[in-house]
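Labels run A, B, C and D following the written order; every chain starts at residue 1.
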């Protein structure tokens, strides 16, 4: 029974690419964290140390920066696609994976007007995309999965948790009114590439917020499902949505030792442990596994 | 030559107090990180282990949560003041220091309206206050120093750095156009307690942003000074302002090896090392060392 | 085309379980970070909000702590197995995944002897295990994948990188002597459960270190492969090993502007970007997909 | 009442300087995080933007790396002293502050021998120094304050907390047996520069560990004081020691709902809030404020 190389990939992670558009007085800034990874027949690099087929991670970095100039960064999805397709031209590479996180900035308000070239970071959430370009019979095939990361949400009522399974280790009391809070990470896979990326992103992000706010929650699971269902219903170009949600617990503090009642007014926000809920919502007859090339 | 106990203090750090106001359909949420520390004659606790004068840090925690109910958290400055004055009543305590960081939330927009009880985290910056209440002759004396932490700013032009001192280890080229970026922490000490805290905070934060945006910068030092000067000029209730600003370097990437020019369009954002500029701006004839009790 | 629930799981993450054995004067401490996750038919919880089949994450937490007393934490693998098998008894649960990270402590040395009950944290690396228990036809089936996380390694010579593929974006110069450094995460899957876990862990960790040290490296890929090959050769109970290694770049600093040469003596350690190399080494005729139940 | 510039300083923070000694087959590696800061009359840089007296932080960085070659890094204290004295030669500079954290590495063990050029990170604690060189009448004056950071300690018994002050918000029960754990940061100021730095460091670190282990603790305050007293007693060259210790709480878990007792065996390690104890121990007749120049 021999020993062999199994799945492997390599690349350059977390290239902090900042692109400024300054051909107009009103500058635009795109602030990205770009990670690239290549897959293919890199057996020799591992087993004999022969690097003849290895495009250095340093070159991948150079390319990420060069393409920010050459092709621009209008939308992170398009930037990732052109980068992925480029790497697929390297001999022996069979798949390129490009991951981009974008930090948002908003113009500083000066006398009621957004300033031309001064910005303040907006939120802690990130807009993300994960693009995979693969070779195969015919044209390369591209899959675009975009998302939002670290969208921190909280509702102060409209959330219950009851009727759950009880065993000998259960001490939790059912509640019909609690704080529900999470730092949501969502990713959605597009059926094809004929998408107005930013318009879709804005619309999906709004839907996520709106569903979180207005769905009366019987559990975090149900809220996540309702978010996914709403997005897939409104966006036919989305094939599936995956949601990862830590349940950031807020425990009501017992103030009775000090003669105070606490009808849902004072909470301690806990760090660890936290619930962790993960769910994918998808179309039930998905004939199509990825986006078109 | 004997060995003795010198300066010391103890307290409970990072109490994550969340206060919900729900007596109206439109809920309000205040999300705080509260740290308390006490100073006084705690020699015995250290030298003999006698804890008779030690109010446990656990009790300090309980008090922080109880006061969020009993006295509310309308403004972090007032909440910290009432907490600090309370601790000063403990025997042997001569000073109480209360530090509060507040996380901002904004209402989720649903159909053009802010939702009643659903919120999304707003920015990564924190509003802060540091309150010290000290005993002395007469009434306890309180000093309020408020601020903003992690205000991430960037301007894509309007910043130069030239004419600096050159020695044998200097390789930096002067520049008349660069990206200037920082994650600003600012604190300002109030002369007295007759302040509308939130109104003052909003106004000072706006001034900080406005100065950062519109001052043509000859160096980060000059920008900081201009910010401090503007705040002290507009706010007579502020006695001094301290600014701590990492210079978050953005280096223009050399794209010439690939036949591309780079007129200030593509940058790499560096993590470490970073410049670190610290400055205090104050009134030159300050007869008053702190806020009134 | 309908919308349905896809893959999902839920659990309690990062339970910080600390277990002290104190029945002998010489105490033993086990310091764990335990995450549990359950899979099964939880469709109703998502689609209708009916939680009848949901064992709360709070109960999972309780069980993790209770089992640390009831069954002890002699080896993290055995603790995870008993926890996983227990959760599989919950109706509708078809798989339980238990992840344990263990922090190492060593006894404080007092006069040449390890102290009975005082400890200092040893290293920043973690010993890990990931246990999955699944139902099926017959007995539940368990898979144990153990590992080490954040093992920070550095060699000051004995590493080259040359002969790589060159394209128009390549500026990297080949080198025959560089610093190689990484923060290694390795996981290895056991063929069965008849393993002396700690003995195996210690032996595999030693092999990893020994291979990193003594293999003359032609690339990080080759070093990872040699590590995997050595482990699978020496440990017939290991079926596959996955290695994830950031290439923590150390760049030689150009000191020539100050009239100093730098023959591999002064480096700057960079944070981002970093190379990221991932590889799996496995047996080529693996008839067995997991560990036995 | 005018507005003026108050205290200010600037420098380059977190230069990750790695120095390899390779003139012998047995390499030595010193892995540092170096921060420099300058004080002096930099008023113009702030008020008019004139940078004529500003040595760029980029130059400070260059110097930190160049000096690692030119003067070596045998001991972090000596390296910091030479760097600080150098910066004091820059016109208008009146004080230079050099802060160095050192990461520890140990040789990888291969067949019972430490390897010549392969290393594994040892512990998460850092050895630190803070050197301030100031001009004045006569020779510059240097103060060396060395220390250890993030020394994570835990004892499973031998710690009580009782007899404390009780008020209306106190719910804590006294205990005569608890886990005591902390992540200690200690700094000690030397009286002069005639010190064998590494020998002193090793001895002080051992004393800290020994005192933590063997002092029966009536409170964390008492343990800190005993550590300080022991160090000042044994090391006449140390003038004062400051200790900062978060009380990393470990709460015994109530297992009675599951019919299990818990005599100090199962704990949950909490993240926040934490107690925070700070104390300085010093000589009572200190005629000397700093180290000699």
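Worth pointing out:
Quick note on the criterion: a contact is a pair of C-beta atoms (placed from the backbone, for glycine too) under 8 Å apart; a residue touches a chain by one contact, two chains touch by 3 or more.
Not measured: the values here are computed from a predicted model.
Summarising the inter-chain layout, the chain whose CA centre lies farthest from the centre of chain D is A. More inter-chain C-beta contacts link the pair A-B than the other of A-B and B-C. One inter-chain figure worth recording: chain B and chain D are separated by 24 Å, centre to centre, where each centre is the mean of the chain's CA atoms. Computed centre separation for the pair chain A/chain B is 31 angstrom, with centres defined by C-alpha atoms.
If you average the CA atoms of chain B and of chain C, the two centres end up 39 Å from each other. Taken residue by residue, chain D touches two or more other chains at 15-16, 62, 66, 169, 171, 257-258, 271-272, whereas all remaining positions touch fewer. If the chains shown are joined wherever they touch, the resulting network links each chain directly to all the rest.
Residues 15-22, 27, 29, 31, 62, 65-66, 68-70, 105, 108-111, 115, 117-125, 151-158, 179, 206, 209-210, 212-214, 250, 253, 255, 257-258, 260, 262-271 of chain C are the ones that touch chain D when the two sit in their complex. By the touch criterion stated above, chain C contacts chain B in their complex at residues 168-169, 171, 257-258, 271-272.
On chain D, the positions that touch chain B within their shared complex are 1-16, 35, 37, 42, 45-59, 61-63, 66, 90-91, 161-167, 169-172, 217-219, 221-222, 224-225, 228-229, 232-233, 240, 242, 246-247, 272-285.
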